[in-house]
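Several structures are given next for inspection.
Here chain A shows up in two complexes: once beside chain B, once beside chain C.
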Partner chain A sequence: MTKVELIEVTKRIKQATVIDNVTETLYGGSIVGLKGINGSGKTMLMRLISGLIKPTRGLVKINDKVLGKDISFPESIGMLIENPAFLDHYSGFKNLELLASIKQIIGSEKIRETITRVDLDPDDGKYYQKYSLGMKQRLGIAAAIMESPDIVILDEPTNSLDSDGVQIVKDIVTEERDRGALVVLAYHDHEILKFLSDEIIEIKQGQVVGRT
Partner chain B sequence: MFFKVLRYDLLNGTLKSAKKYLIALLIFLVAAFDFTLRAPGLRNHLNAEMSTLGDYLMYLFYGMNEYEIGSPEPFRFPALWILIVLFALYIVLYYPYNDLYGYGKQVLVNSGSRSVWWLSKCAWVFTTVLTYFLLLFATVFVYARAAGAVMTLNISKYMYMSFLPVAELKETLPMSLNIEIILMPFLLVLALGLLQLFMSLLIRPILSYSLSIVILVISAYYVHPFFPGNYAMIARSDKLIETGVNNMVGIYFFLGIIIVSVFLGWIYFYKFDILSNERI
Partner chain C sequence: MDKPILQNCIKTELRKALGNYLFMLSVAIASGIAIWSAIQNISAANAYYSFIASLQTGSGIMKNPEYASVTLFNSWIGQDYTSVATTLFFTLLPILCVLPYSWSFFSERKSGYIRQIVSRSNRKTYFLSKYIATFAAGALVILIPMLINFMLVSSFIPAISPNINYDIYYNVPSANMGAELFYAHPYLFVLMRLINAALYAGLIAAFVISLSFFVKNRFAVLLIPFIAFLTLNYFSETLVVKFGVELSPLNFLGGTSLGIVNTSVVALFALGLFVFSFGVTMWQGVRSDVF
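Then we have the complex of A and B:
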């Protein structure tokens, strides 16, 4: 089972402490919601788990391997942090195919299946730049889950999605959890978070202030 | 893994630079055309018969003669030389940075290695600069051939007499300046391109580009071994003038900048926090 440990993690950026002495252990097979207002530190925590930023103090361990020391990034992770970013002059399928070509652990069929799973058309040749905000968000979610990673990080995944889209996200995170992945979600909206998560960690000014 | 990320960079980075290559082609054509307009007057004046391919290339890369500070002559900016160098640096300026805060962030995480990402970007800069100069040489080659030039890299004597300070010229002038024409401008752009890549991690890309401009302008203004632009200007070569700079020193200097930039960037990127692109 995947295990993510944050051990006395503090992150300072310039003079500001954005994460303040956080110690948490997260396990695969669960949906963990991060709750907090904008700027509370949710996205920073996700960046720390992803290896995009390094702790000023403390350790982040993925399956007992220290991020930034034993490994640069988690070995199996899919993420959608902030806005989805893809190549404007490629279709959705082509974008995911190029991304999948780095690890080469999935083929075209799995990419097509994942695009269909987020209710997009894998045969739609439309360039990404012509996508609506909702379509971009769906493609971002597809990119995060297509390789069936052990850790799935989704920052406000229902942004720009309609009610059908929210239900798709709910189904996806549940399925990902059920196959054993650790799903970490961040939201500022408590109702949606409660609807999607197994457990909720509340963050305020970079500190964990509650767990439900 | 390195080659997979490099393949991605070559595909994606080149696609994003396609329009810039077209502008570069236009610059090279206009520069060659400008030379064909000027050359007959220069040749007639010195009773020369034909221009060579080497003459065309010298026209692009001669730069400017040493400027004497305090001279009543105004400082004349080496516009064509600086345009060719700066445009190449512009092509390699934004892609690595924008990629890091966009799609490339996912590529980086998927690659599992910061070193792979950094070295791939360095290799992309090398490939892009090489492509730029190959395009330049190919364009000038085709243009010069069509214009009836003699297809040799030898430099005509009238070029030396027309563009360089006759009083300061050495007694024996070389027939050709292959290293100065082919290698030195390429190495200058590669060295500054990699320095820009490293500096873009520390400051905004536009500021690192400004640093390149400052280096080139100072190089035009002062002849000094520490100002790298001097090594890529034919008019500053010690093969032609006594007070010129030596190209072997230049090669070592450029290699030094390249190695230091790649190495420092590698070390720095290892600890670099990838936040968002608010610094653009």
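Then we have the complex of A and C:
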């Protein structure tokens, strides 16, 4: 089972402390919701778990391996942090194919299946730049889950989505958890977060102020 | 570094670099200028040969004593120093080679696309692949047009071996880098010129990646090499009078050098570009946070 440990993690950017002495342990097979107002540190915490940023102090361990020392990134992670970003002059399928070609652990069939799972058409040759915001968000979610990663990080995944899209995200998040993945979610909508999460971590000014 | 992932990452980056429309556009523009240079040189050579033929007919001269003054080896873009198109090609080189892919890191970091790649590989792999692909795209944008030009010019102008007695027609004095090759093995000299120009173009393209860590404007980052090389070219004209050595890459990459092309200068300049661009890219890339 995947284990993510944050041990006395502090992150400072310039003079500001954005994450302040956080110690938490998260396990696979669960959905962890991050709650907090804008600028509270939810996204920074996700970036720390993802290995995108390095802690100023403290350790982040993934399955007992120290990020930035034993490994530079979690070995199996999918993420959608802030806005989805892809290459403008490629179709959705081509974009995912290009990303999948790095690890080569999935083939075209799995990519097509994942695109269909987020209710997009894998045969749609339209360039990514012509996608609507909702379609971009769906493709971002597809990229995060297509390789069945052990850790799935989703930052406000229902942004720009209609009610059908929100339902798809809810289903995906539950399915990923049931498959054994650790799903970390950040939401501004407390009701959705409460509905989806197995546990909620509340963050305020970079500090964990509650866990329910 | 995981070797298969590094190989996959390099392939992916090369696919992105060589498959994007800006690469095609840059090759098309550079090739257009190179073809224009070929046309100018072929026309000039034809006029010269007609003139010599008319002299021989009129004066009874049986053999042209300056038969080697116009040859493929001083008429192709890599050694020509007379046509406007050739001057334009080398002047625009620092822009042409950064257009295809040097913007890529800047753009991927700004959009957040970098997150998708580094999380599937790692920082070292990402930056090494990016460096290689950017270098390759920049080098090819200059190499392909120069090869087209060479093939075109060689179809019309005879490949008479250069003669040291006529060195004033070639702008390759005996102290120049590769002068022995030019007079003894001119095809090897052509190869050296091609490699040299491609190497510099690749390094200038990759140099922009390292600049992207410090410069926050997309256009500025692409224009800095062009402005820097033009400035250097401006001052090199003064310095060449004082030291006699050509210091401007815009001149020593082709045949338009005003002073002696010194091997050490060419090598040191390339080494400096490599050390700065590769060093900064890998050092900053590995230690920087990705937002």
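Here, the second predicted complex is superposed on the first by the 212 of 212 C-alpha atoms of A that agree within 3 Å, B and C clash if a C-alpha of one lies under 4 Å from a C-alpha of the other, contacts with A are read in each partner's own complex, and residues count from 1 in each chain.
One rule holds in what follows: contacts are C-beta pairs under 8 Å (C-beta built on N, C-alpha and C of every residue); 3 or more make two chains touch, one makes a residue touch a chain.
Treat the numbers as computed from the prediction; the structure is a model and nothing was measured.
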Please tell me, clash or fit, for chain B and chain C sharing chain A in the overlay. clash
Return first, second, both or neither, reflecting whether A:V169 touches chain B, chain C, both chains, or no partner chain. neither
Of the partners chain B and chain C, which touch A:L87 in the superposed model: first, second, both, neither? both
Please indicate which partner A:K54 is in contact with in the superposed arrangement: first for chain B, second for chain C, both, or neither. both
Go through the superposed model and pick first if A:L139 touches only chain B, second if only chain C, both, or neither. neither
Chain B versus chain C as contact partner of A:L99, first or second or both or neither: both
Contact-wise, after the overlay, does A:M79 reach chain B, chain C, both or neither (first, second, both, neither)? both
Following superposition on chain A, which residues of chain A contact chain B and also contact chain C? 13, 47, 50-54, 72-74, 77, 79, 82, 85-87, 89, 98-99, 101-104, 143
Counting only contacts in the complex, chain B reaches chain A at residues 1, 4-5, 7-8, 11-12, 15, 101-103, 105-115, 271, 273-276
Which of the residues in chain A end up touching chain C in this complex? 13, 47, 50-54, 72-74, 77-79, 81-83, 85-87, 89, 98-99, 101-104, 143
Could you please specify the touching residues of chain C with respect to chain A in the complex? 4-5, 8-9, 11-12, 15-16, 20-21, 108, 111-113, 115-124, 289-291
Please name which positions on chain A make contact with chain B in the complex. 13, 47, 50-54, 71-75, 77, 79, 82, 85-87, 89, 95, 98-99, 101-104, 143
